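Common to both upcoming complexes is subunit A, partnered first by subunit B, then by subunit C.
Right after this comes the complex of A and B.
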């Protein structure tokens, strides 16, 4: 049984969009830095170990809207949502919008400068039940108008970056976008970060409910970006393998379909590479069940086997017979 | 993070600090029309400024808790909207008239430096930091209105005639000021015009000027618009563009940037500075710079208002 809601709690929430970067060649660190230079006076963060990850500076969007709620009233809340773009290995683009709902003081909107000094914080103007906000946020697939919608902020930035003139608009393979919506409630005192659920809904929306020790929103968002990246990789690889008709007889066609996967995707699998220890428990749980890496390894093995089989010269079976 | 063994400095943001005075005192803004009225106009201006400058020093002494107050003075010359005179002619005149009134100008800035200084597009960077105050009902789905080049302190009236093509007439509703006290004072500020190239508006450049004086501007973590002096053997140049964007005129001056600013200006500047307040209230300033100012102030036992717009004080003396 869940304990009664203790009242106002800090809630982190956000949404991640993941897409292939529409460019024939993966971007180098230098070009990636240019692409994600969203604020000319701020640093683009660049990390090359254990893989190339480039993170744009944050942008803020002001909101004055209702909080989602499953059962109770929808309290009005005011603040800013942070959004950033992340590029992994110059190939996979993610935009990630997130905010921290902090128990507010007072029932009136304060001067805007107050909210700007707390970037990424949203203050409800009325009492709210954290659990109810979380359930409302994760349950309603298209959020109703007038209700906090970080996904639309992430979507807008994704479109903006994908239209950038640095990109030749030629993606090496067909793939879809994925949406991952997440929340994080505080973990019990002394407890590690944990994942309460990871759901894939019919319309493709992924929802993740986390419990995290008091961590900074940016770190929890980064964990969710990592989850979304690997979920996208698996989804994309599964779709492409299915489309390649792996078991069919047309060797040339299968090889042509698998080739871009080997070139652009297989080396991207690195779950939890930058996740801090305090949040690492989430990946451990997911690796136990459903076992993201297990599924990935088995797919990769299948692809490698097919490529190896189909590139072996036909003379081999002949020699085996003799 | 104590657990971190491997670190990449390119993966971590960093912000350099700048030295800070208690108060940055602006002794005036000079435009061509003032200059055209001759030295008398300057003399009259400084004579009017002097008592307020003394008051600003006294106030700074209170703020510093009775210790020696660090007050730096500055003066802004327009070379952005119109270029007039030359540094060689104007600067000695300016310094002479200030001195005659008992004032010393520590730093001289060119207005164009607020648009671009040392190869850094400051105004464009500040524009990128505008986060508009959202109207009620803003859930994140609508794009910002930054493309229009206008910034308001509330919600505009619906544009007349916008929906007539659809056969409906939108009734007029009044604009409203966000957080108004009973009645609205609605202000809509033009940030730039594009005719044919982008020209920043005076209030927008004045907002950049305030941020610079408050030590809140950085370019990728590095200080911008740093004061530079002339070498002893270097004469004042003939052209404004040859002059450092922010010229240090007094080697023993307190730092240019400060916890607070005070500007003594004629009353015609009041609408401009109101617009500055509207803009500063919607700037998401460099968080590293904000933190450094707050930590330094706490270390010195000085109170600095949390909101940037509240750090700027003004004296508007009567007259054009």
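Right after this comes the complex of A and C.
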């Protein structure tokens, strides 16, 4: 028996790209503000507690596209996608594009003025199943051309910011980008926010399916940015530790590889620090399993031990040559 | 580091040699990415023995990415996807080896501002992820060469280390052609200067690699008549002289790969298995490839002038 059709539902969806900022020194609050000043008519948001986080004004991209769908047809939809850039501690850059698929169906395309009054909303022009759109969106294959694709909008902004002349293009360590694609359906009456899945596909794409009581796209996007940030930190630290050949003989090489991590990454771990209470349940679930913080702490401990071990000079000359 | 592999003529050994260098850098522990920028015939994947991509991929390759048709060019993890026996397991201590293939029906295309911008973005992104990014360019002063010269002239790439390897065969005509490609009126240096490169800096970032060089002392020729052997030696000496005159001599030479029978038969990576166990490939070839891979990152080799 198929479950009853819940009727029209709001779907939030988006994608976050995370990358190291290509600069030898982390940016100060001032330069970070200059970097993310994407629109002269709107302010950059800056907060310094519990860590430095700078958020650009939103930009809007008009879309006239098909909605992804796993089974049914791909209904046409028109509206705008919001995108913003977020810089944490002057070191990790994220771009985040998201939209709200409004429930209900319009019959024909309206003038752009209509959509601009509803920034970040997308209006379907044909009937669709919210579930089907979610599954289609999270399917790991690259989204087909012509289909709603916040990821490519986020990617464009990321490339643009990363080319800024404020940056000297010298990152302190090698690292890749990560992509996190997410959706949020409404939580059941009175229920807390919850996470239905967190997967990593073979091509590196992270997918997150949420249920949230709040349909505030910006707040849910902020939660996903926080997830993406910490997933990136863990991914990057794991890769760098593997590269450093921790435990191999060459002490100096290991130290040289670990130093930038200590200088630039270890202090960034602060999961859920800015997530509003209504959404905090998601982090609690992830901390139980897979236990992001546990894995992070144990890696950090290994790094600190290695650094301590290899920098402390031996007190006695026990290293006689044989 | 960005490494551009160029050659004046087709079929010089550019793809095979640069792929082998990429492989050897990965074995040495570097994270390496290999880009197939040979828009006319993207066949680099064949050398890495990746199924389904040997003539480029059906969709999502580099050509369509540079034309803005998708944001994520397809990546192939060679250690995971190669069908080559020796490549299927990533050796301990080795770095990543990633191939970014071309599109099967790519072909050349016009270069506009947007193409160059995408190319710069791609280089910046890969350079911040990999230690060595090898870019296999199509032969001659192609679109690919022009685009790369244009991209590397942009201020964002000014601080990124770029090196050029120009491959040529060891014959009279090839030596002259390689000289022309680099120093000629329509050469890489002149083309770079036109686009804002510093002449001296660009020239000093270029080194030559001689591919498929017959060694008159090799056991391959041990049984040829004396007269022929003498003649080969003389040719070799004359060519060495010509190369020196044309500024392709010692100071600008980065490596010399011997004529390798295995490579005459098949475009492939020369693994240690091929040399040590099955002994189908020669030790000198392996040695030369390893030396070339080391020279690529050896500052001294790049300071010679």
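The rule we apply is simple: the second predicted complex is superposed on the first by the 307 of 322 C-alpha atoms of A that agree within 3 Å, B and C clash if a C-alpha of one lies under 4 Å from a C-alpha of the other, contacts with A are read in each partner's own complex, and residues count from 1 in each chain.
Just so we're on the same page, a residue touches a chain if its C-beta (ideal position, glycine included) is under 8 Å from a C-beta of that chain, and two chains touch if they have at least 3 such contacts.
The structure displayed is predicted, hence computed values, not measured ones.
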Assess the superposed three-chain arrangement around subunit A: do subunit B and subunit C clash, or do they fit?
fit
Check whether A:51 is in contact with subunit B, with subunit C, with both or with neither, and answer first, second, both or neither.
neither
Of the two partner chains, subunit B (first) and subunit C (second), which one does A:171 touch, if any: first, second, both, or neither?
second
According to the stated criteria, A:245 is in contact with first (subunit B), second (subunit C), both, or neither; which is it?
second
Between subunit B (first) and subunit C (second), which, if any, makes contact with A:156: first, second, both or neither?
both
When the two structures are overlaid on chain A, which partner does A:218 contact: first (subunit B), second (subunit C), both, or neither?
neither
What is the contact status of A:145 with respect to subunit B (first) and subunit C (second): first, second, both, or neither?
both
Between subunit B (first) and subunit C (second), which, if any, makes contact with A:31: first, second, both or neither?
neither
After lining up the shared chain so the two structures overlap, which partner does A:20 touch, if you call subunit B first and subunit C second: first, second, both or neither?
second
Between subunit B and subunit C, which one contacts more residues of subunit A in the superposed model?
B
With both complexes superposed on chain A, which partner does A:192 reach: first (subunit B), second (subunit C), both or neither?
neither
Put simply, what angle do subunit B and subunit C open at subunit A, by C-alpha centres, to the nearest 10°?
100
Where subunit B and subunit C come nearest after superposition, their Cα distance in Å
7
Subunit B/subunit C common contact set on subunit A:
145, 152, 156
Touching subunit A in the complex: which residues of subunit B?
1, 3-4, 6, 8, 10-14, 120-121, 124-125, 128-129, 131-141, 143-144, 178-179, 217-221, 280-287, 290, 306-310
Seen from subunit A, its contact residues with subunit C in the complex are 19-20, 22, 142, 145, 151-152, 155-156, 159, 162-163, 165, 168-171, 174-177, 203, 243, 245, 248
Would you mind writing out the residues of subunit A in touch with subunit B in their complex?
38-43, 45-49, 55, 60-66, 76, 78, 80-81, 97, 109-114, 116-117, 119, 143, 145-150, 152-153, 156, 276-277
The subunit C residues in contact with subunit A across the complex are 29, 31, 60, 69-72, 75, 93, 95, 120-121, 124-125, 128-131, 155-157, 159-160
